[in-house]
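Encoded as structure tokens, here's the structure I'll be asking about.
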Amino acid sequence: MPNPIYVINPNSDTAVTAGLDAAVAPLRLAGGPPIECVTLADGPRGVQTQLDVDTAALSVHRFAVDHQGHASAFVIACFSDPGLQLLRETVGVPVLGISESAVLTALTLGQTFGVIAILQGSIPRHLRSWSAMGVAGRCAGEVAIGRGVSALADRPATLQAMCDAGRRLRDERGAQVLVMGCAGMAPFREPVQQATGLPVVEPTQAATAMALGRVQLGW
Amino acid sequence: MPNPIYVINPNSDTAVTAGLDAAVAPLRLAGGPPIECVTLADGPRGVQTQLDVDTAALSVHRFAVDHQGHASAFVIACFSDPGLQLLRETVGVPVLGISESAVLTALTLGQTFGVIAILQGSIPRHLRSWSAMGVAGRCAGEVAIGRGVSALADRPATLQAMCDAGRRLRDERGAQVLVMGCAGMAPFREPVQQATGLPVVEPTQAATAMALGRVQLGW
Amino acid sequence: MPNPIYVINPNSDTAVTAGLDAAVAPLRLAGGPPIECVTLADGPRGVQTQLDVDTAALSVHRFAVDHQGHASAFVIACFSDPGLQLLRETVGVPVLGISESAVLTALTLGQTFGVIAILQGSIPRHLRSWSAMGVAGRCAGEVAIGRGVSALADRPATLQAMCDAGRRLRDERGAQVLVMGCAGMAPFREPVQQATGLPVVEPTQAATAMALGRVQLGW
Amino acid sequence: MPNPIYVINPNSDTAVTAGLDAAVAPLRLAGGPPIECVTLADGPRGVQTQLDVDTAALSVHRFAVDHQGHASAFVIACFSDPGLQLLRETVGVPVLGISESAVLTALTLGQTFGVIAILQGSIPRHLRSWSAMGVAGRCAGEVAIGRGVSALADRPATLQAMCDAGRRLRDERGAQVLVMGCAGMAPFREPVQQATGLPVVEPTQAATAMALGRVQLGW
Amino acid sequence: MPNPIYVINPNSDTAVTAGLDAAVAPLRLAGGPPIECVTLADGPRGVQTQLDVDTAALSVHRFAVDHQGHASAFVIACFSDPGLQLLRETVGVPVLGISESAVLTALTLGQTFGVIAILQGSIPRHLRSWSAMGVAGRCAGEVAIGRGVSALADRPATLQAMCDAGRRLRDERGAQVLVMGCAGMAPFREPVQQATGLPVVEPTQAATAMALGRVQLGW
Amino acid sequence: MPNPIYVINPNSDTAVTAGLDAAVAPLRLAGGPPIECVTLADGPRGVQTQLDVDTAALSVHRFAVDHQGHASAFVIACFSDPGLQLLRETVGVPVLGISESAVLTALTLGQTFGVIAILQGSIPRHLRSWSAMGVAGRCAGEVAIGRGVSALADRPATLQAMCDAGRRLRDERGAQVLVMGCAGMAPFREPVQQATGLPVVEPTQAATAMALGRVQLGW
């Protein structure tokens, strides 16, 4: 039995983790690695501020150090990728961040991507990431739905806001593919795709798929 | 039984296809899609000139149109990604190019990537691709080994040239991860990695892994 | 008598060719090369899809190979520049693409250029070109008029749509110069310029002018 | 008496702090804010790994939260700018990072800057920063001297290595201004400038000068 | 008594100079250099056209050459930075331009900056500057208020127009920090900041603060 | 008889003007505009410093204003393009700069261009131009030959230095096309091309060719 890929939800919202667990289910293949989605109990309810992000980086690191002996890969399932570079420097297995992987995957689905963010305050952080990745030129824009992580649980209101944001990104900014900018948005991928007619990337799926490949290939 | 992922080698060199077949073997998982590596018999011995590339685009397209009814995805296994945008416009399943996928994967393994090209004449074509992808800023450089596709079959000489190129990219250009710039280089991934101490991306593995994820996720 | 500059219209729409012929007439100078505008009879009615583009590349190549012995230069008169890199690798005379030349010329007429495209589906292809050229930062935006090549023949409706697009590019995106994104738009340069008050680049004129210079200079 | 500007050395090396104290002395002006250089006793000997950086971010944050009531500004005196965005989100006074300020200052002293790093492993982190800042195009390169923070105390060897690195950046990479890539290099500014003939930016001076301006201007 | 920092207003509008004098007053510190704001009597009423800019460059140069013997630094107080590179090549003391310094300072206050320009015709000139500085990717946009330098004297109308422009930059372009794009706007910093809720950079303050630091540090 | 294209040599070196006159001769066509190469007698011996450039801008402007009534276009034949934006704002005919036109033309001849500069001090000025044009990503590098404008008259030594520079740009920087970075280098285009095997762009030819096209097309 191979070691699992750990998909780490650094916030303490187990509903988010449940959503991720369902989202990555199709990537659980006989003969492939198990995929375990875990909740960091000491995390905040939602990773929203820079303090949340920087604190989460160390929580994720502690988890990874504790589990690296029997892990085949780690996926950091928060759209701020807390601890991504830290884990890459310290653990000997593949480490994928959902934000980075989502954008890389989006680049195969359209020439310009748009991001549906949760909060306005997340956008500067994202823009720094796209620039640090050197792909800012392909970002058509970001629109925030103005809902924190726990407010995503109101599904009809969240879906409506996401579809509105997606249409604005498509029509006003020219986005050709959408990226959902929060792990907690996982349940909304398909309806947003249907509503907008654009391909929609679910970040944790994107990252876990990349992790699966890396584990199987052994590099 | 799910439809296969077709890995299309657009040149007629079956030794190259055999190398790809071995390279992607770890991605064949029970419950996952079969992965079939095919050789386009009407292709050139190696896709090296722009005429090769542009001709190959239409050959790949013919193959894809013929097989799209029972394919789950297509991987274009030539580092010039012939027909990539064409297939994306015409077939209804995921299409991945090995050059694009290799670079996207490399971006998760180092801040700057270097490319080991086969021929000097390939480099401008690659540079146009990295620019079109918007990631040229992360390319530390390219070094050609001066060997055409069929000359790769002389394994000791090829390996020596690849290791030399990899060390130059590492030491003179600051590359932190290497991308092998030809499908025919697949058998050399591990020894180049050992010789250079840098992670090395094998493009067909990178693209097939991304295809596997997309197939399983259904988007 | 010097060899002609061939201006190749890769679609089979002779009305488009006639428009080009009129557009380049002022570049026919005594002592300079003849300028012959040709229609590729085997081309599609309009080069609109990626399949059209990739097929046209090979048609253009065949024409160029057949005529290179008595050509002083080739201009590829389709805004997707089909076969541009291919011809540059294979024929020994100057090769200009109208899309590339139009944008380079626009860079001398304003700090930011806007493109009037025919169809929405052309825009991603154009964006890849501006990025591959390394000039995407100077593109203020593109607006499609939603008319295919043959629909351009309805002149009043086309002109109206082009002027609307030009004003949007000027007012909403800050374009300081406009590029007409289709060879078939040649007859509309002057009225669009008058309607928008911005300089307007007709691509085939731009490319043929650059070809004329190269022919005269012998490099 | 105005509140002080706190210059925070997040490592525990008091010799580094002493060097900073001397470096910023000319910025202590009658009528201006006091400038207090402090050592975070719980910090590592040198901030060198990503774990050091991410841990330091929270230490710096704790210090800033504790002192914000009587601070006029904070300068984060570590070239990885640990906690920069975090402090900007949480404290109500100006926050400057020495890496960011050094590069911004360097942009006024030459068209291309080179960075003298301490360790090879720091360079990817720096490159991500220049990209996130959007100024990577002006970085001519980085050269590491291969000495950790505490090894800087061997002054003759350090100076020799820094001058060698500076000359390589000038001659091989075309750097027109040098940035010293570690707070601990403060004592070496003048001799490196003399040895290379290039202007040399001392990062803590650069950041403290910007902080002084912001404090005086009240924004 | 140290030599003064000369803040050079290259237009002949003494009301503008008076505004600058008030703006930089907080940077006059006991023990620091005097700061003298001067008006170039032979300048135009406002530096608005490229001819104004290019003429002003030589006026500024003459002033600097005449005064370099007893100057500690020069600040060019016109948002087109006339003579910036010229002075840097010719005088032996620090030279700061208010446009360059304003943008560099803005980069520490938000991820994307917006510029409030006086006239539409200034915008291409500014865009060339941000590109030449390599920071165009961080410019969210520019909006002109359509008022020349002397028209700024109508304070209520100017303030209204500036607040409108600032809100558009914030809401339509996503600017996180505003830069006032004319020296004559100095009196409006605080009310625009209050009206928009964004940090606002006054360029002459930004440049003079950087000059003060450079003078004190002796490099 | 159409009005002439004025090719303005802003330095007073008539040998340079004679070289330009020979270089543009092939662009003099029956039925086309005359091409007059003029020397600005009040110019410096060579435009080498920023003071030369900024002074030359106004000289060029005076000439253009005096001659605009009977000019069909102006070409500014100095590689610093003095007065380029100024003339574009003030005269009603096409204005081309040789530096801008040379680089735009080079972009059609190779993916990466290298520049042979006269003096090291010119390089930062050029880099600012390529960045302002948004094409810096395609500049492989610049190498100075260390000879001022008047020293170019020693033809054997100049040619040797240019060929050395060209080979370094080709072999160490990967340049695929060379641009001669001074109007005074016009006589050396062909031998440098032969020595390096790369296409070589002579800037005044490139600009005059673009001017010829613009004049004939009437826009």
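Should a chain be cited, it is by its letter among A, B, C, D, E and F, assigned in written order, with residues numbered from 1 in that chain.
Definition applied: a residue touches a chain if its C-beta (ideal position, glycine included) is under 8 Å from a C-beta of that chain, and two chains touch if they have at least 3 such contacts.
To keep track of the chains, here are their UniProt names: A, B, C, D, E, F = Hydantoin racemase.
Keep in mind that this is a model prediction, so the values were computed, not measured.
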Hop count on the shortest chain-contact route linking chain C (Hydantoin racemase) and chain F (Hydantoin racemase) comes to 1
For chain E (Hydantoin racemase) and chain F (Hydantoin racemase), the touch-path distance in steps comes out at 1
In terms of mean CA position, the chain most removed from chain A (Hydantoin racemase) is F
Comparing which residue numbers chain D (Hydantoin racemase) and chain F (Hydantoin racemase) contribute to their contact, where sharing over half means same and under half means different, the two sides are different
Per the C-alpha means, the centres of chain C (Hydantoin racemase) and chain E (Hydantoin racemase) lie apart by a whole-Å value of 42
In whole angstrom, the CA-centroid distance of chain D (Hydantoin racemase) from chain E (Hydantoin racemase) equals 26
Between the Cα centroids of chain B (Hydantoin racemase) and chain E (Hydantoin racemase) the separation in whole angstrom comes to 51
Expressed in whole Å, how far the mean CA point of chain A (Hydantoin racemase) lies from that of chain C (Hydantoin racemase) is 42
Multi-chain contacts in chain A (Hydantoin racemase), i.e. residues touching at least two other chains, fall at 128, 131, 133-134, 136-137
Pairwise touch list, complete, is A-B, A-C, A-D, A-E, B-C, B-D, B-F, C-E, C-F, D-E, D-F, E-F
Chain F (Hydantoin racemase) contacts chain E (Hydantoin racemase) in the complex at 49-51, 54-55, 57-58, 61, 83, 85-86, 88-90, 121, 125, 128-129, 131-134, 136
Chain D (Hydantoin racemase) contacts chain B (Hydantoin racemase) in the complex at 123-124, 127-128, 131, 136-137, 141-142
Chain B (Hydantoin racemase) partner, complex, touching residues on chain A (Hydantoin racemase) are 26-27, 29-32, 96, 100-101, 104-105, 107-108, 133-135, 137-138, 189, 193, 199-200, 202, 205-206, 208-210, 212-214, 216-219
Contacts from chain D (Hydantoin racemase) onto chain F (Hydantoin racemase) in the complex sit at residues 110-112, 137, 174, 176
